[in-house]
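In the two complexes that follow, chain A is the common piece, with chain B as its partner first and chain C second.
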Partner chain A sequence: MLKVDNLVTSLHPGSRDQVDIVRSVSFSLEPGQILGVVGESGSGKSMMAYSLIDLLDRKIAITGGSIVFNGEDLSAAKQARMRELRGNRIAMIFQDPMVALNPVLTIGEQMIEAIQAHRRMSRRDAEAHAIKTLARVGIPSPESRMSAYAHEFSGGMRQRVVIAIAFLNEPDLIIADEATTALDVTIQSQILAEIQGLAEETGAAILWITHDLSLLSGFADAVMVMYAGQVIEIAPADRLFGAPRHPYTAALMRAVPVAGRTRLENLEGVPPSLADLPPGCAFAPRCPRAQPRCSQNVPPFEGDTTLGWRCFFPLEETP
Partner chain B sequence: MTAPVLELNDLSRVFARRDGWLDRMLNRAGLGKPPERLVAVDGVSLSLRDGEMLGVVGESGCGKSTLGRMAAQLLPASGGEVRFRGRAISDLPRSEARDARRNIQMVFQNPYASLNPSLSVGDAIMEAPLTHGLVRRREIPDRLASLLSKVGLSPEMADRFPHELSGGQRQRVGIARALAVSPEVIIFDEAVAALDVSVQAQILNLLADLKEQGGFSSIFISHDLNVVRFISDRIAILYLGRLVELADRDTVFARPHHPYTRALLSEVPVLGAARRRFTPLKGELPSPLSPPPGCHFHPRCPFAQEICRRESPRLREVQEAGGTTHLSACHFDLPQPSPEAGPTPPPHPKEDSHDT
Partner chain C sequence: MASYLIRRLGQAAFVLLLVSFLIFMGVYAIGDPVEMLVPPDATTAEVNRAREALGLDQPILIQYGLYLKGLVQGDLGTSFVYNQPTIDLVLQRLPATVELGLTAFVFSLIIGLPLGLIAGYRAGSVTDDGIMNGSILAYSLPNFWQGLLLILLFAVQLRWLPSGGRGDTGILFGIETSLLTLDGWQHIFLPALNLALFNSAMVTRLTRAQVQQAMGSEYVRYARAKGISERRILIRHAFRNVLIPLVTVLGLELGNLLAYGIITETVFNWPGMGQLLINSINIVDRPVIVGYLLIVVAMFVVINLIVDVLYTLLDPRIRLGGNKA
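Moving on, here comes the complex of A and B:
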């Protein structure tokens, strides 16, 4: 359904200051699948997602690779075509629902607008469809909430409204960027449950971007770990969490406080600046397993888009 | 017996909205509504033992930060008192109150906002000890070097400015600044919440080391149960301004008593968990402006009975004989769910209320 092949996105493309911020990312997504994308600040996870739907800043552009969505190459698509797709076949959920929602329109008006922008539907039918979708994401008394404004909802309810809007046109792909990061644990749990249910029911594929590794382990089908703009490991979730192959994935997992742990992984240093990358593997300067070879050559990606890693000396398959 | 280093006695904080001119006119005419009151902290009592780290956990609006600020004397209490070494700080003469305040330091979530951008790291750290007359000028270089090394920073950092530091380094400076006045109590308010996982791990390790070295007791405020579990000796759980459970760390995780604590524990994402269906707690967090009557948790509680709607449960000791103090504010002693069975089904179905 979605196939991303060697995607490269650059800052100041074509100039002397060109910096690649997404570096040769490949993956694919099937209907109903939840793919988690995890990485620390500056790993390129959000920029990768924005590249897919052409929501990039003017100084940033796709400079390589392809994005094939339902058989159509999006990296070559015109802006008008992207507008048709966004909010219709591809929807997006951001961290802050207050930014996504229009403060001066009622929730109902925004939802009807989102339906009628992409479909020929009477106002009455659109309204009925909007109410049904609000109910589906767990908004109580949806009929009366249609005439409410964004500020009249609590944070969790507001994010549900955004999710309802995302699912309005039954999209094939939903991209969520830190969609539950600002929410409390019990509310986050509710939202994750809704998303799981909706993905199953509607067959929408979900690309779930987060910094929270723990969240993905009960939620995602597959996980992709990013570092310095590259995918350094991708695997089915149980496999990745059970036996990570890349030293960065393993280190990240050991840095998470879990029961019984009295010491956390001290991963020294910080990720490299993308403008000034080390010659070999980007993780080599911090890697406990690094050999001379790692700081000379960039390791190629081993495996395919469902299971693979980018390391000369991966960890054993069974720890 | 010596008094605990820090005691919070029945501490409360009420925020009232200040009336606008229209409200004042209406009030004068006898038409006004009673002013909106937000009870951020509602009669919380905690005492801090020597050398321990007490975790305070809760979701937004539970009053954890307000509690921390009152404990650090940054916010006056509306009711109750803060006692330092057995004496209420508000009753102390000026110089002793000042000394008590020096002894209770705070580390904040966002070190960038709490550091003066025009002060070098060295000046920021040494400002308070100089003000309090704890060091002489000529002792500064040595003292600074030892503080920096204590928080894992190199001595050259002393000349840097906040904008030149990474988030993790800034938080280390925030910790060094708190340590600089040799306080007996440090209050960490979401001190690792804004950091990336790998940096968060570095700071948590540092805090564990500092705790091990001793010299201070601390309150660690956080929304993140995994983090609190790693660092704390005892854990207090707050819900809408009230203390609902308090026990040793391991007791809280092995035998949580309050239904809210149980719900919270089951919702926390756990690394390595198998793919699962989330079985969330129903309902939203109620607004602290109009908390539900009785037990604040009853609208979301799967075990709520009639009494829960009417009567606010008092905090009582629930631990079996021989154990350490385990307090919980629930009317009932619910059976522990078996780990395999998942959540226990509610005793009888209840209506869906308070959802908005």
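Moving on, here comes the complex of A and C:
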């Protein structure tokens, strides 16, 4: 349904200061599948997502590769076509609903306009549909909440409103960018469970972007790990959590607190600047397994878009 | 809401009291009105008689007390010079000034809002540069000079419009207004445009800055992610948020247009309150000066109150009186 092939997105494209921030990313998504995208701040995960739906800032543009969505190449699509798809076939959930929702418009208006932007539907029908969708994501007394404003909801309820808006037009793909990062852990797990249910029900595929690897276990079907704009490992979730191959993935997993272990291992150093990448593997300067070869040549991607890694010396596959 | 309004009225009364005291004392310090009123060859006895007749022989604080006593009964005093109640003098000229100020205000919105929206939406483009440069001209050229240029072009060169004065008026709700007759419109167009230019430049620049900020905001990105049209994003999402800071400044500007259109009134020989004020200051006609300024302050108070009420309509996060929603 979605097939991204060697996507490259650059800052200041075509100029001398061109910096590639998404570097040759490939993956595919099937209906109902949840793909987790994990990486540190600046790893390019959000820019990759914005590239998919043409929401990049003015100085950033796609400079290579293709995005094939339901048989249509989005990297070549016109702006008007992208507007038709956005919020309709591809919906997006942002990190902070407090700033994403317009503070001076009612929730009802922001839902109804999202329906009417894509479907010929009377205001009354659109309103009824919006109320039904609010009820579906667990908003109590949805009729009366339609006339409320964003600041009148609690954090968890606000995020439910945004999720309801994402599902309004029954999209094929939902991109969630750190959608539960601002929430309490208990509310976070409720919302994850609800999204899983909705995805199953509607058959929507979900691209779940987060910096929190532990959140993805038990939630995502597959996980893609990004570092310095590249995919450095992609695998089905149980396989990745059971036996990570890339040293960076392994380091991320050791940095997650686990009951019974007394000390957290932290990963020394910071990711390299994309404008000034080391000649070899981008992770080599921080990698405990690095050999001289790693800082000379860029390791090629081994495997395919469902299972693969980018490392000369991957961790052993434990039986 | 009711308690809020009562509190605001109390504040307004205090401001009016303070202003009346300051102006009263200030005018007292300017000079002795009697000197201006009596003929130069008057005898001391005549001067004293005039002083007594106007109540100016009393100590200043007593004079102020008497003035206040009249004020609470709605009496703004009698002009020293015209021997007419101040309120009549002001009301004769108030409609002309209010009509000019309001027309200029509407002009400045008609010019400023669309230009600001376009410039803000296309920030950095050639259109934006053009609008910004134009606004600098309107902003920085002296207002009276702009007025003279308008007269030169439209009245002298093209002969399309009259150069000054107020034209035929009609009566609306018992008030004289130029806006009902073609001749009236022809007379008010140039002075209103002149008065509006400076403000329209300000409205343009302010709107542009706010639109630019709003278009870069997260809620606009989110609206785009929903597939909302750019037109609706600009008009409904961005503009609603832009209006909130705009209304504050517009309120103050409306007050300025109504109160201080003096230069434009002079250039276009417009029979408004500005001329009355300048004449009154020249001859130290204290009741008229104090009365006029009190009316101006009252207008500002009312406009600010309207602005506060508008806030609550525009921004659901604000409730009057500081009560949490």
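Keep in mind that, in the parts below, the second predicted complex is superposed on the first by the 317 of 319 C-alpha atoms of A that agree within 3 Å, B and C clash if a C-alpha of one lies under 4 Å from a C-alpha of the other, contacts with A are read in each partner's own complex, and residues count from 1 in each chain.
Criterion: a residue touches a chain if its C-beta (ideal position, glycine included) is under 8 Å from a C-beta of that chain, and two chains touch if they have at least 3 such contacts.
This one's a predicted model, so the numbers in the text were calculated from it and none came from an experiment.
Steric overlap between chain B and chain C is absent once the structures are superposed on chain A; the two fit side by side.
In the superposed model, A:Arg289 makes contact with neither chain B nor chain C. When chain B and chain C are set side by side, the one touching more residues of chain A is B. In the superposition on chain A, A:Arg239 makes contact with neither chain B nor chain C.
Of the two partner chains, chain C is the only one touched by A:Val104; chain B is not.
In the superposed pair of complexes, A:His129 makes contact with neither chain B nor chain C. When the two complexes are overlaid on their common chain A, residue A:Arg86 makes contact with chain C while staying clear of chain B. Of the two partner chains placed around the shared chain by superposition, chain C is the only one that A:Glu113 touches, whereas chain B remains out of contact. By the touch criterion stated above, A:Phe219 is placed in contact with chain B alone, chain C being left untouched.
Closest CA pair between chain B and chain C after superposition: 5 Å apart. Chain B meets chain A in the complex at residues 59-60, 166, 168, 196-202, 204-205, 208, 223, 225-227, 229-231, 253, 263-264, 267-281, 284-285, 287, 300, 352, 355-356.
Residue ranges on chain C touching chain A, taken from their complex, read 217-219, 221-229, 232, 236-237, 240-241, 244, 314-317, 325.
Chain contact summary for the complex, chain A toward chain B: residues 40-41, 140-141, 145, 154-157, 184-190, 192-193, 196, 211-215, 217-221, 237-238, 241-242, 251-253, 255-259, 261-268, 270. Considering their complex, residues 53, 55, 83-88, 91-92, 94, 96, 99-106, 110, 113-114, 117-118, 149, 151-152, 165 of chain A touch chain C.
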